[in-house]
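Chain lettering (A, B, C and D) follows the sequence in which the chains are written, and residue indices restart at 1 in each chain.
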Amino acid sequence: MLELRKDIFADERDDNLKEIGKGTQRQDMLGHVTGTSTYFDDHKLQGMLHLKVVRSTHPHARLRRIDTSDAERSAGVRRIIRGSDVPRNLNTLLSLINFGKDDEPSLAVDKVRYKGEPIVAIVADSPREAYEAMAKVRIDYEPLPAVFDVEDALKPGAPVVNETYPKNAFIYHDVYDHQKLRFGDVERGLAAADHVLEQRYQMSPIEHAPTETNGSIAAPDTNGRYIVYTSTQALFFSLDTCAKILDVPSNTFHFIGGTVGGGFGGKVDTLTEPLAILGATLTGRPVRYVLGREEEMQFGSPRGAERIYIKDGVMRDGRIVARKIRALFDSGAYTRLSSYAAVKCAAHLPGPYTIPNVHGDVYCVFTNRTPATAMRGFGVTAMDFAIECQMDKLAHLVGMDPMEFRILNAYRDGDMKAHRREAKNCALIECVQVAAEKAKWPIREEFKRASSRKDGGGSRAAISPTPRESYAPATAPSQQRTTYDRAPAAAREPPPPPPPPPPRPQAPSHGAARFSSVFGTRRR
Amino acid sequence: MTRHRGRGIASINYPIGMNLGGDPSQALVHSNPSGKFTVALSSIDLGQGMKSVTRQICAETLGVPVEDVYVDTADSDTGPHCMGSFASRGTHRVGNAVMMAAREARGVMMEAAAEELEVNAADLETDGRGNIHVKGAPHRSISTKDVAIAAQFKQGKTISGRGIFLVPLSDVDPETGEMSPATCYAHACLVAEVEVDDETGEVAMVRMDSAYELGRALNPRLVEQQLVGGAWMGISHALYETPEPYYPDPSHGPRDFVEYLMPGPGDICPHDIAVLERPAADGPFGAKGPGEMCANPVLPAVANAIFNAVGVRVDELPITPERVLRAIKAQGGARPQARR
Amino acid sequence: MPVTVRTFASTGEAAAALSSDRGARYLGGGTLVMRALNEGDISISTIVRAHDHALTRVDATGSRVTIGAGVTFARILAERDLAFLHAAARSIGGPAVRNMGTVGGNLFASNPYGDFAVALLALDAVVSVQGGLGSRDVPIEEFLQTRERQTGTLALAVSFQKPASADAFRYRKIARIKPKGGSVITLAAHLPISSGRILSARIALGSMAATPIRARAAERALEGRTLDATTISAAAAAAVEGTSPADNALASGWYRREIVGVHLRRLLSGQE
Amino acid sequence: MAKTALQFRHNGRDVAIFVDGGTNLLAALRELIGDMTPKFGCGQGGCGACSVLIDGELHLSCLTLAETVAGRSVETLDSLKDGPNLHPLQRAFADNFAAQCGYCTPGMLMAAKALLDRNPQPSRTEVIEAISGNICRCTGYEPIINAVLAAASGGRARA
């Protein structure tokens, strides 16, 4: 049951609209209920071949030898694809926005870093023939010690998961093994608090489990182009990733998608398209590569696990005065998108509350498990779990009603957020009030009268003096601000001197500043 | 007495968009000669309702009925660039791009109509039913179909528009984390009521009450879909889901939908939802994005409700019967807290 | 190579085909064999089927019940004479799986599947099997413990004494997901009562070992006693004895050991 | 091994195809007959996206050996509509916004049809039981349950 509370914030809206605000039927509903909505796998092409992938049986191992000679002779096999067949067999998704280093092969060559990592692709006339050929691929593994716990992975002497990041942590700003958030003096805040509460939270990995598994069909088109039907939830992201990996101009591909059987973040990774296209290139035939359900569950990237430590200082009257958070994102064996989530998470601290001293360290850690990726609520869901469990404990600690405790600490218009942007357009207090009303949860009159539009700003707009840490970075990129958020001029520190130009990275076929049709060129 | 009821709450906010990567989306809108409009996107509809919500945005902006607009998604040859469907950016980013494109197309349409009606375009208005007429003189009117025919066959005008919404990339200060991660925030508060079996650790959902603030509910039925389905996913994350049941030990990963646990139709509970609308300055008609945040308050609200029911804190997800039972045993039995 | 499908008119021929071909598997409802094929199990090269009416016969009119191995769970749910088995049949899959899955197939379904076999174990069922050398009857306990070696044999039917009253047979599947979920623990109890006392109690447990097992200590605690609170407590306390539950995706062995007594107590005392 | 000839009724029409040994009905319907309404979701019998009616009974086409339907009648979602008119279940699913990504919808509708064909006035519990073999990841099931109940009551009420 959904009720629209038009009475709240009515003065900020014009509700005199014709189409907006109506519960109009979905454009795709007729297709859905008649089964005529067309998903990527609903394209029936003549002479279609089937691609299956031989996956690592070890979480961490050196590949001594890969023998595909028997598989090549197996009935119905059109082509065996090895890492050496992939034009640029090293990629990271966010290289398209110049974030992070290429660290993941399409097909493993010398080492596997998680159980299920693709090693050999087989293109055959039928799925059955592909399976038969898979059984004939012989791989000689030299098992290596594996690491599965994020804190173990950060310890000196831990097995190196991913040689691109030898300390098992993503490198931020070319300097740090984590993303920092520094706002005020958290140690002083904790020292002054009436109570200090430190807790540990652990979020599980989560599988997206869309009813349609990841997949794509690639087919040669006229004029040397390829048509690609895909389940991607980011069409140009996938297209450009394929252009990079296959080392061809992006207009080689005509990607068609758009009607997808659920994604929830699990269809951003471009898991199947590069190999499907490569298969079509090497055989001249349409090639279909669809993950099975067990493959999807175990080797399709999940939402990564997060381990979070929160240490809060709270006063007897319920005001939180300091919040210190250390979060470790389990990225699995490769970066994919976890590096980004960690930054987004840092910006989300300390949750929707105004706390004068906030300290955050967010790590993206490599372990020998299936690489993690985006999922609904990316970088935020686990942190919200931790923060809101912590809020309940703090309310209990100071003997306050948990609703009133949240209203007391909620951010209001004009407050300064820990990532140094002014809060505006806030509505947390009103949500708490309406939820209390709906649930018949009694809150006191003064909390019923609180408003996101009152009592913010002023001293709450200040950035408390923030001690600088001893470590000086080698480079510090200049700030680029948007028109949407502004930092108060007083809080701005003088810009650091321009950084020296970064060394030119090795790039076999593209320049260091590779042109991407999606994202253009930009300095890293 | 082995089953105890408890209530817990959580309140959250959620950032819209991904400014940290630069965040552009484009849209093209054009009319065919019968005055029907096509929106060309490369954006993806993975069930969230992208096609439907951008269709309403386009119709509202053009001033035509929603039936006169069709949204075509995700063809890289015809749809202009979009970053993709993630980060709750669809409604906000793509919606803005469509609005901009529709505004430009509307400008051409009004010019063409003005030429036909021999008035100034500024004196015209749309009636939202497929007609354009002179303000204050509804009888001086022309249908959008006739305008489109005139534009195409007589005036030589393209009734079309281009739209882009770009949030420039925000850099991040390495020392302080100063950044502009998003352009607006959605909000929510949720109350969960659970029943906990203190002999088995099983947790059953009893009901949920919630308030979500989304800027504007562009289509309340689509919003309801997101919030109801998203809260179900929140229950699922809170109590059931994991591809690594013994994390960080990677063994015993599920292989099928029997082993990968998600609540079935018999595990759901009544959910009463209120939607608040505090428009975002830069959102299309003030809208933010409801798609991702809806699950988030459920997880901690359920955990807090379990504490209220039996007095144990389970700080590890998912909150399996085993974890609840271990905590109850470690505590020496259930300790129900004050009823709320 | 595509799979070869061989269809026979009699179970004898089918059994011969099965025992002579290591790559042959018998196709019942398809929930095991077709799934294996879909997932790329290339050890299956031949599918064997039989159109023998004996396989789909249900004889439940007398005191001894015989159910053909090819009888589906939907069919059991349609048989009024088998009402005592309806809870067990309904606990298998969703409606489509119950329309397809068979009693015989369930005997071969490994954890977390195979709940119907737990009910049959509590009923002391006998499994009629046909191997290369002819047919014979195998007690279900022995059958389950040796089933890994039975893939070449064809199950024909199961038979057992019908419980004397509706109350004498109880079944419960503990699942995380409702109404269709995999087994955390499956319990079945057959409690024949004579002059107010339990005689020949049978308690069967699923998911408490590699295959369904009998809880013999719990059976002993019930034997010869009236079903009162003291007896139930004693049986519940003994439920875990002799079990060796494993960790899997649905629950850990620790958890199963902790709760098996709770659920047995609830089952025996008729609690929700 | 040669292909096997297979004849059956597909949505009221006789069809004849040649299948490889081991082909499942889902693949036969989609690849050989071109009926794309049943969907592949798992191939394991766990999601119900491929659900069809065989002689009026709900079956999982991915677990059905194609040649076992010889001479039988197979109905898919493609048969539900009567010309341009939606079936009451289709109408109720639309009215209740019971689909988001739409991928589970064909199987859900067939499961719901199997229920209503036998039990035109089901209780909520019976509806839940009837769709319990079908996974939906988007809707949280509530709108689907409401849709089936609405179709059962002739679309009169949102139960």
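Here, contacts are C-beta pairs under 8 Å (C-beta built on N, C-alpha and C of every residue); 3 or more make two chains touch, one makes a residue touch a chain.
Predicted, not measured: the structure shown is a model, and the values here were computed from it.
Across the two interfaces under comparison, C-D and B-D, the one joined by more C-beta contacts turns out to be C-D. Taking each chain's centre as the average of its CA atoms, chain B and chain D sit 29 Å apart. Between the CA-based centres of chain A and chain B the separation comes to 18 Å, rounded to the whole angstrom. Centre-to-centre separation of chain B and chain C, using mean CA positions: 46 Å. In chain D, the residues touching two or more other chains are 20, 22, 42-44, 46-47, 97, 100-103, 128-129, 131-132, 135, 137-138. Those residues of chain B in touch with two or more other chains are numbered 46-47, 49, 221-222, 224, 228, 230, 233, 253-258, 260, 262, 264-266, 271. The set of chain A residues that touch two or more partner chains comprises 25-26, 28, 126, 128, 209-210, 259-262, 264, 292-294.
If touching chains are joined by edges, the resulting network of the protein chains shown connects every chain directly with every other. Of all the residues in chain D, the ones that touch chain C in their complex are 1, 4, 20-24, 43-45, 48, 51, 57-60, 62-65, 67-68, 111, 114-115, 128-134.
Chain contact summary for the complex, chain A toward chain C: residues 52, 75, 126-129, 131-132, 134-135, 292, 294. Residues 46-49, 221-222, 224-225, 228-233, 255-258, 262, 264-266, 268, 271 of chain B touch chain D in their complex.
Residues 1-5, 27, 29-31, 34-35, 37-39, 47, 49, 74, 93-97, 99-100, 179-180 of chain C are the ones touching chain D in the complex.
Interface of chain D with chain B (complex): residues 42, 44, 46-47, 97, 100-103, 127-129, 131-132, 135, 137-145.
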